[in-house]
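Here it is, the structure, as structure tokens.
Chain nomenclature is as follows: A, B, C and D, assigned in order of appearance, with residue numbering initiated at 1 for each chain independently.
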Amino acid sequence: MKISTLGRHVREGIKSVFRNGWMSFASISVIAISLFILGAFVILTLNVNHLSKTVEEQVEISVYLDVVESEEQINVIQTEIATIPEVSSITFVPKDEGLETLSEGMGELDLTEYFGESNPLPDKFTLKANKPENVDIVVSKVEAINDKFEMMPIEQVDYGKKTVEQLLAFTSGIRTVSIAIVAGLAFTAMFFISNTIKLTIISRNREISIMKLVGATNGFIRWPFFIEGFMLGLIGSIIPTGVLLYGYWKLIDFEESTVFGVTQWEYLPLNQLTFQLIFLLCSIGIIIGVWGSIISMRKFLRV
Amino acid sequence: MIEMQDVWKSYTNGVHALRGVDVKIDQNEFVYLVGPSGAGKSTFMKMIYREVKPTKGEIFVNGFNLGKLKNKKIPYVRRNIGVVFQDFRLLPKISIYENVSFAMEAIEAPKKLVRKRTMEVLTMVGLKDKVKSLPNQLSGGEQQRASIARAIVNNPSVIIADEPTGNLDPDTSLDILKLLEEINFRGTTIVMATHNKDIVNNYRKRVIAIEKGQIVRDEYRGEYGYEN
Amino acid sequence: MIEMQDVWKSYTNGVHALRGVDVKIDQNEFVYLVGPSGAGKSTFMKMIYREVKPTKGEIFVNGFNLGKLKNKKIPYVRRNIGVVFQDFRLLPKISIYENVSFAMEAIEAPKKLVRKRTMEVLTMVGLKDKVKSLPNQLSGGEQQRASIARAIVNNPSVIIADEPTGNLDPDTSLDILKLLEEINFRGTTIVMATHNKDIVNNYRKRVIAIEKGQIVRDEYRGEYGYEN
Amino acid sequence: MKISTLGRHVREGIKSVFRNGWMSFASISVIAISLFILGAFVILTLNVNHLSKTVEEQVEISVYLDVVESEEQINVIQTEIATIPEVSSITFVPKDEGLETLSEGMGELDLTEYFGESNPLPDKFTLKANKPENVDIVVSKVEAINDKFEMMPIEQVDYGKKTVEQLLAFTSGIRTVSIAIVAGLAFTAMFFISNTIKLTIISRNREISIMKLVGATNGFIRWPFFIEGFMLGLIGSIIPTGVLLYGYWKLIDFEESTVFGVTQWEYLPLNQLTFQLIFLLCSIGIIIGVWGSIISMRKFLRV
């Protein structure tokens, strides 16, 4: 193909977008709206993932100590725990503090008043594992510490086994569901886009067959359609990508301003999804735009 | 140049449009194709540029055996054949100028030549003032002439014209005939289906008469007519 | 019956298709409309069934002032006018039979009559064997005859035929002309644009010649021709 | 219009669905898929609402009694509380039971072991309000009971004010968001449906103008299109409605079977959404199908 012919194809493709004004508008809006919905769910999904990760990371392990431990022994145990590689943080919670927390958990009823000086609770350590999956390992390693000391300083290790398991099941459930939704929406978007493009091209079957009868090769006919599909896909995907990124940016801005913020959770930072979103939406829009045109023409090219 | 050997055509609805056509048309001939409405003239012509495939028989055009031709090669055969369609077949969304220049662009003719030659043929058929119009802004005869302009623009070695004067007044018809004669004189084969008795009788050429899908007469310098 | 008073038509692209046409056609007349390609014949005819609105001037058809007619009334005017379009305008997805019966169904004719009359007119134009075909399965001339059948099926009081024999061989053309003459004999006004010199000269009627949008000649029992 | 003409229109409309085979298929699939997605979200939304209502109804008010109350006095107070119309249930929780619950809340650490016989907790009543909004009223009415007795038997009334407020804010947030999503999807579905129908009708503009030129009235032309749009809408909405209802039925079945059930929550019973779903999807499908055809034809009827 000559360079000047390529130039002609690009010009014709772009002209065609305008010539088929109404149809182009219809295609672009279908592409834009499908991708907008898809993109919104992608953002939601990424945030849900982010949120579940944050929540999972907050799983705590309580290590209750025997009531009679001296301060010195406590230090030794702390050092011992700190050597476990899967532990990411250790906090010592003296029994008074424990009672206060318990009391708060009871609502506005002041427990300290009831117990006075005779606090029956043990001292404890609160640990975090570096990964939620490692909680079990940490627990067994901590329990193993008891074997190193004669007096078995650790009374009990507790991490709300059931709660953690439920939480992990829930977050992985949410992840699966949201990925399924996104995949479903992606296919739907592809179907809608290719469908609309097919409809616009079917109405041009006569044109295509005339071109063939006049001696144009399939390639020659296809090129402007290719460019046209590319343009429709490009415009149709740039719009929702822009709107979504701007909207998300504004949302984060709004939510993070302490005055107006409604929700509590931490959003995934904009820069961590910009590239993925642009890539996903533009590639679906453009590829399906182009692919839709080319596929739809195929049968009309057999003249 | 164009040769048909025992060509049959049955359309999918069971109509037998051609029934055993044997014919040979040499380079540089000018052939009138006559016959009543529905005789098979258009089918005959569609075979030549392979819009329609024969049910049986072989067709050779410019040395290509159309039956054995790969799909990819078809456009290259068509480039040597200019067609005036009975129903014009202009591209509806582009101007008359673009309709004609499209045929030149399709063979990747140099840009400057496209401009010059397109205007030239449009002037020949008397559409100089209508170049910017869309097809549906033209009268019937003007559309027909645009279709003629497109057929001749690439200087094809064969011109297939399906009733090219059906929508034209006698004077314009004569102009078109003279244009075709001149093109024929320069070496182009012309096959023209027509119902125009005056033209056939006054400008004698080879006349092939088709009736009910069969060639009933084939005469050089013949008269209009098909009942023998 | 049909009257135009100083009718002008300029299309949106600036073409002046009609320039001051004054004419009166009485009930039961048979009028040939002649003129070179692009003269304005089709535009003249489109005015009568109001496909095109005049830029200036008044048109009366069967007593209706078309300029003042409400949109809702247009179909009722058209029902008394049968039109043979230059480009046939058959509905592409339905059979020839359905194309013709549609025109009867549109005026809510009784079902039995629809069947009988549709077959009747299709037989008249020689398409009895093609009733089940789709328009694109017909030859050019067959499509034209289907368009003629549709135009006459409702026994309209006016028939507008835009080159009804452009795609027909001389014999079939004559058959169609005789059919129109017969219909005319029974009281129908006929306006027929044509380039067919033979017919105009052999079957003398009123001839209106148009050139460059103006009536240049209007003669009873006239000859074909427009240069005066 | 004659009856026989109406019959003709219905026949023609139905024939037209088949005649425009590919286009009809495209329209029906767009309608069906849009409505499927919409319907899925409607079901989700209805379930989320149902779930939030269930959660809200579980808000409890704790009424702590003075440590010294006799059993007799407890009965008097219980009767007193029972007269408050906004209270829907009362349960007496003796202090031992309270300690057990507290102990459970501490994880696997057994508190009762620490305290032994000397349980410092008060007895309490646990109340439920008939509506979550009435919690405040119940609290103040219960507090008012103290004024009727000399010895002020009620130590403290507690309902986790902050937690309840957060919960209500959260559920109402979820409701708003899900209604917004459903409304957005409904509009998108409408747009897609009318858009597709417009595309299929635009390709028939020539047919419409020929009909007009042959003397057909607008009504005569419109009727078969009306029927056609109706059929497309009907088929396109019946399919997703059926699939969704069947799928939801199967889902409930699966989840409620104690063996395989994954999620904990209670689903909205099928019969409580069947009617709404059928009504919503079919009316959108059919109305937009018909409306889309009629609107799209309008400009072509002006010939």
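Going forward, a contact is a pair of C-beta atoms (placed from the backbone, for glycine too) under 8 Å apart; a residue touches a chain by one contact, two chains touch by 3 or more.
All values reported here derive from a predicted model rather than from experimental measurement.
Following the contact convention of this document, no chain is adjacent to both chain B and chain C. Path length between chain A and chain C in the touching-chain graph (shortest route): 2. At the far end from chain A, in terms of centres built from Cα atoms, lies C. Chain geometry summary: the mean Cα position of chain C and that of chain D are 63 Å apart. Each chain gets a centre from the mean of its Cα atoms; for chain B and chain D, those two points are 68 Å apart.
Per-chain CA centroids place chain A at a distance of 25 Å from chain D. Annotation for chain D: no residues touch 2 or more other chains. Under the stated contact rule, the graph of chain-to-chain touches is a ring, a single cycle where every chain has exactly two partners.
Looking at which chains touch one another, you get A-B, A-D, B-C, C-D. On the side of chain A, the complex with chain B involves touching residues 1-2, 4-5, 8, 19-20, 206-207, 210-218, 220, 302-303.
Only residues 11, 13, 15, 34-38, 41-42, 86-87, 132-133, 137-142, 144-145, 162-163, 166-173, 195, 197-198, 224 of chain C touch chain B when the two sit together in their complex.
Interface of chain B with chain A (complex): residues 49, 51, 71-72, 74-76, 78-79, 81, 83, 85, 89-94, 102-103, 105-108, 111, 150, 154. Those residues of chain A that touch chain D in the shared complex are 22-23, 26, 29-30, 33, 37, 62, 64, 102, 105-109, 111, 114-115, 120-122, 156, 158-160, 169, 173, 184-185, 188, 191-192, 195-196, 198-200, 202-203, 262-263.
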